[in-house]
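Two complexes, one shared chain (chain A), two partners (chain B, chain C).
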Partner chain A sequence: MRTLSPKYATLIALIALIALAPLFFPSTFYYRIGALIFINGLAVIGLVVLIGYAGQISLGHAGFAGIGAYACALGPIHLGLAPVLSLVLGAVLSGAIAWLVGRPILRLRGHYLAVATLGFGILIYIVLNNEAQLTGGPDGMPVEGLGLRGLLESAGFAVKASKLWYWLAALVMLAGALLALNLHDSPTGRALRSLHDSEVAAHTVGIDVARYKLTAFVISAVYASVAGSQIALMNEFVSPDIAGFLHSIELLTMTVLGGAAMVFGAVIGATILTALPQVLTALQDFEHIVLGLIMMLVMIFMPEGLVPSLARLVRRRPR
Partner chain B sequence: MSLLSVTGLGIGFGGLTAVGKVDFSVEPGEIVSLIGPNGAGKTTLFNMISGLYLPDRGRVTLDGEDVTAMAPHRLAARGLSRTFQNLQVFLRMTVLENVMAGRHLAERGPILADLLALPGSRRRSRATEAAARKLLARVGLERGAERDASELPYGALKRLEIARALASGPRLLLLDEPAAGCNAVETGEVDQLIARIAGEGIAILLVEHDMKLVMKISNHIIVLDHGEKIAEGAPGEVARNPKVIEAYLGSQGGKEAAGALD
Partner chain C sequence: MSELLQFLLSGITVGAVYALVALGFTIIFNASGVINFAQGEFVMLGGMSTVFLLDAGVPMLPAAVAAIAIACAVGIALNKLAIQPARGASVVTLIIITIGASIFLRGAAQIVFDKQIHRFESFSGDEPFVIGGATILPQSLWVMAGAVAVFAGLYLFFTRSLLGKAVLATANNPLAARLVGVNTNFVMTLSFAMSAAIGAFAGVLVTPITLTSYDIGIALALKGFAAAVLGGMGNPFGALVGGLLVGLIEAMTAGYISSAYKDAAAFIVILAVLFVMPHGIFGRATVERV
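The block that comes next holds the complex of A and B.
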C-alpha cells in the first residue's frame, strides 16, 4: 500500500478536525473557543517554520501579533482603510519590521537570540502601552469589526458571530497550513531544515544561512501578525496584552508541546493549550498547577512534543 | 593557471601559531593529499581554504580569483565543496534530502513560488530529486534513500557526505579524512570512489591518515608538521624523504608507505 504523503495526511486530518468538532459542541460558546484555537494555530504554524524547520527561537513573536492587531485598530480610524486591508497592512508592516530587526539579531544563537527576541517583544509592548493618545494605553481600544456578518445578513443569511469566526479562522489556518506544508518539501524548506541540523554544512553547500534564517523569521512574523489581526477583529477590541511576554510564551509553549517539527503537532499544541484552561476551570484553584504539571510531564516523557512522539510510537509497532 | 593556489596562508589561535606560511597549488583533475601528524594543521588549513576560518595572512585563489576569507556559500557557488572529519550530516532529514540539499545552488528559486508550490518550484524539486538519486547510486546508497540519515552506519554517512558535496557541482572537492573509522572493505570503496570522481575531472584535496590509500591514489602529496610544509612531491619522493620519515611516518610507517608503492 502506498502511504499518503505527510502533506495531504495533515490537510485531511485538519479538515476532519474542523468539520467534525462542531458535532460535539454543546453550545455556540464553543465556536468561539474553536475560532481561538484556529487563530492561535495559525501563529503556531508560523513558529513551526521558524523553530521546527529553521531551528531558531523567538520569545517575542507576540510583538508581531500586537502589530497586526493594532494595524486593524488604527488603520480604519487614521488611514480610512477597510478592516481587511488593515490586516494586510499589518502583515506587510510586521514582515518589514521582522526583516529589519532580524538582520542584526539572527546573527545570535541559542540563549542570546532568545533574549534579543524577548527584548523586541517587550519593546513593542511598551510602545503600545505608552503611546496612549494613539493606542488608548493599557486600557486598550475598540476595533471596527470585519463587517462580514452585516453583509451576510443583508443577503438573507443570519449567522452568529462566533460561528462565522469559527469557519473563517479555520479557513485562514488551513491556508497557512498549506503554505507551510508546501514550504517543507521545497528548495527553501530543505535549505531551512539543513541549517537547523548543521549551519556549517549548509554554508558549504552554498546555502546563504543568514538570508534563510531571515526568511523564516519574516514568514513567521507575518503568520503571527495575521493571527493578531484576527483576534482584534473577532473581539472588536484590543489591548497591549496581545503583544505581552505571556502571549509570546504561550505561543512558544503550544509549538513545543505539540511538536515543533510538524504542522499538525503545532495545531494540536494550540488546541490543547487553548481548550485545556477552559476545561480545567472546573478545578478552580488547581487549574494552573494541573496545566503546569501536564506541560512538564509531556516535556519529560515526550521531548519531541506530543504528536511526533506518538507518531513514532505507532510506527514502531510490529506491522 | 592553477585551479587552487594557496600562498603564505597562516593563522594563529591566541598567540599560538596553528598554520605558519603554507604554499601549494592544485591543478584541475589532480588528487592532492595533505598528510602530517595529528595537530599539524591539516584541518585548520581546510577550514581557511573553505572560508570557515579567517586567515591572519596569505592568499587563496580559485582560478586566479582572490577568494581569501570569502563566505563558504559564495565559495560553493565558485565550485568549491567539502566534507567534514567529524561528520556534519543533516541528521533530521532523509538520506535523499541530504543530497538534495546539496544541490541548493541549482534548485533555489523565489520563496513565494516555494510557499505556493508553483509548477516552477515543483519542477526544480523533481530535477533535484532525479540528480540526487543518481548521486546516491554513484556512492552506493541508492537503497533506502527515504530513511532518516540518522539510521545509516558510520561508513555510509561518510559516503553520504561525499554525495552531498558532489551535488553542488564542484570543480574542487576537499575531503577531510573520508576513510577515518572505516573498515578495510569500506576504505577500499572510498578509494575507488575518489579515483572515479577524479576521473571525471574534479580536482581533489585530501586529508587522510590511511597511508596505503594516500600513496595509492595521490598525484601529489604535501606534508605538514607543526603548521609548516616540510615536504611535497610525488608519492614516491615523499615516502623516501628522510624529513618526512622522521616527522611523521616513523621507521615502521615509512616501510608501510614504501610497501604500498610496490
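The block that comes next holds the complex of A and C.
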C-alpha cells in the first residue's frame, strides 16, 4: 500500500484545518483568533527550522518579530513605502541582522547560545521602548493598514477585516509551511538535520556547520519578521511588547509544546497556546497557574511535544 | 570622585543580589544540568512571605526564617514533581518546564498573597552612612554582608565537608559519584533546597531597598542567568564575579550614560564577552566526546 509522504499529509491536514475551522465559528470574533493562530503558526514554523531541524535554541526571536512590526509602522511614515513593501523591507532587514549577529552568536552552544539570543532580543526590546520620538515608546504607535479591504470594497466585495485576515494569514502560513517542508527533504535540510544529531559527525562528512546554522537562523528570523509585520498590519497598532522576552518564550513554547521536529506539530502548538489564553481568561486569577501547569505537564509527560507523542501512541496500538 | 564612589556602592549592592541569584542557578546547574528559570521566584517568595508573616504579627527573625523554609519546600517540590520526572529531556524542554514553573509560582503568589507592591522595615533603620562624600544605606551593608556570608559558607561547605564534596563529585560526573556511593538523588534535592534558600535569603535582604511584588521574579532570573553565564556557567566564583560585574555595569551606565539603557549595557557587555570567551570568564572549555 502506498502511504502519503509526510509533506503532503501535513499540507492536506493544514488545508483541511483552515477550510473546516470556520464551520464551527459561532461569531466573526473567532476569525480574528484564527488569524492570530496562523500568524503565530508562521513564526513557529520558522522556529521548527531552527530548533527542530538544526537543533539550535533561541530565546530572542521576538526581537525579529519586533523588527518586522516596526518596519510596517515606520516604513509608510518615514520612507513613504506601501505597507506590503514595508513588510518586505522588515523581512530583508531581519534577515540581514540575523546574518550579522548570527555569525558570532551561533558559535556558542547550549546555555551560552540561549543567553546570547536572550540578550539580543532584550536589546531590541529596550531600543524600541526607549527611542520614544521614533517608536512612541512603551505606549506603542498606530500602523497604517494594508488597504486591501478598501480595494476589495471598491471592486464590489465587502469583507469583514477579521475574515479577510483569516484567509490572508492562512495563505501566508501555508506558503511558509510548503517552503519549510520542501527544505526538510532538500540537501540543505538533510545537512541541518545531520548537524542536529551530531555537529562533529556532520563536520567530518564535510558539512559546513557554521554556514548551515546561519542559514537556519536567517530563515527563522525572516519567518518571525513576516509574522510580526502581519500582527502590526492586522491590529493597525504596535507596541514594544511584540519584541519582549515573554513573546520569545511564547513562540518557543508553541514550537516545543506541539513538537519541534515537525511543521504540523508546531502549528498545533501555536493553535493551543493562542486559543488557550482566550479560554483561560474565564478563570481570571487562576489563568497563570493553569497555563504554567499545562506547560509543565505536557513537557514532563511528552518531552517530544504533543503531536509526535500522540502519533506514537496511535501507531503503537494494534490494529 | 564621590560620584564614582556612589555608583560603585549602589552597583555592588545590586550586584550582590545578582550574584546570589546567579549562585542559585550555578548550584542547580551543577547538580542536574538544568537551568532553573524559576530561580527569581524564590527571591519573590522570600520577600513576599516575610511581608505577610510580619503582617500576621510574627517578629522579623522568625518570619525571615519561615520565609526561607517556605522557599526551600517549594524548591524541593519543584525538583521532585517537575524536574526529576523529566530527567533526560532536552535543554529546551527543561527550560520550558522551569519557565512553566515560574509562571505557575507567579500565578500562585498573586492568589495567595496579592498584586500590591510591598516593603518592610530595614533591619537597622534608614539613616544613611556617609563615606567619602557618598552615602550608603545600612540595609545595603546587610545585603553585602549577607552575600559575603553565603559565599564564604558555601566555600567552606564545598571544601571542608564530606557532603559538600559529594555535591562536587556529582557535578563532575554523576555516574562516577554513584559508583563511589554518593546518593545523587539526595544531592539533587539538596541543591534545589540550597538554591531556593539562597534566593529567598536574597529576597529578605533586599526587599527594604527594592520593594517586592508577585512579579519581580522574571527580571531577576534573567539578570541572574546572564550573570551566571558571564562568569562561566557552573562556577560559583564565576557567579560572584558575574553578578558584581552586571550590577556595576548597570550602575555605571545609569550614572554616566542613561538609566533607560542600563539593562542594555549589561547585555551588550555579556554578548561581547561571550563572543571573545564562548564559555564565560571562568568557564572551562568542555570537550565533546564522540
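One rule holds in what follows: the second predicted complex is superposed on the first by the 318 of 319 C-alpha atoms of A that agree within 3 Å, B and C clash if a C-alpha of one lies under 4 Å from a C-alpha of the other, contacts with A are read in each partner's own complex, and residues count from 1 in each chain.
Here is the rule we go by: a contact is a pair of C-beta atoms (placed from the backbone, for glycine too) under 8 Å apart; a residue touches a chain by one contact, two chains touch by 3 or more.
Remember, predicted model here, so these are calculated numbers, not experimental data.
Trainee: With both structures superposed, pick whichever of chain B and chain C touches the larger number of chain A residues.
Mentor: Larger number of chain A residues touched: C.
Trainee: Touching A:Gly189 in the superposition: chain B (first), chain C (second), both, neither?
Mentor: first
Trainee: Looking at the overlay, what does A:Ala201 touch: chain B (first), chain C (second), both, or neither?
Mentor: So A:Ala201 meets both chain B and chain C here.
Trainee: Looking at the overlay, does A:Ile300 come into contact with chain B only (first), chain C only (second), both, or neither?
Mentor: After superposing on A, A:Ile300 lies in contact with chain C but is clear of chain B.
Trainee: Under the stated touch criterion, which partner chain does A:Gly119 make contact with: chain B (first), chain C (second), both, or neither?
Mentor: second
Trainee: On the A-aligned overlay, A:Phe157 touches which partner chain: chain B = first, chain C = second, or both, or neither?
Mentor: Neither chain B nor chain C is touched by A:Phe157.
Trainee: Once the structures are superposed on A, label A:Tyr8 by its partner contacts, choosing first (chain B), second (chain C), both or neither.
Mentor: Neither partner.
Trainee: Which parts of chain A are touched by chain B and by chain C alike?
Mentor: Touching chain B and chain C on chain A: residues 198, 200-201.
Trainee: Which of the residues in chain C come into contact with chain A in the complex?
Mentor: 29, 35, 82, 85-86, 89-97, 99-108, 110-111, 218, 222, 225-226, 229, 233, 258, 260-261, 263-264, 267-268, 270-271, 274-275, 278-280, 288, 290
Trainee: Quick check on the complex: what are the chain A residues that touch chain B?
Mentor: So the residues of chain A in touch with chain B come to 179, 182-183, 185-191, 193-194, 196-198, 200-209, 215, 219, 261.
Trainee: Across the complex, what residues on chain B touch chain A?
Mentor: 50-52, 71-73, 75-77, 81-82, 84, 88-93, 97-98, 100-102, 104-105, 107-109, 111, 114-117, 121, 124-125, 128, 164-165, 167-168
Trainee: Once bound in the complex, which stretches of chain A touch chain C?
Mentor: Interface residues on chain A, with respect to chain C: 51, 57, 59, 104-105, 107-112, 114-116, 118-120, 122-123, 126-127, 129-130, 198-201, 245-246, 249, 252-253, 256-257, 260, 285-296, 299-301, 303.
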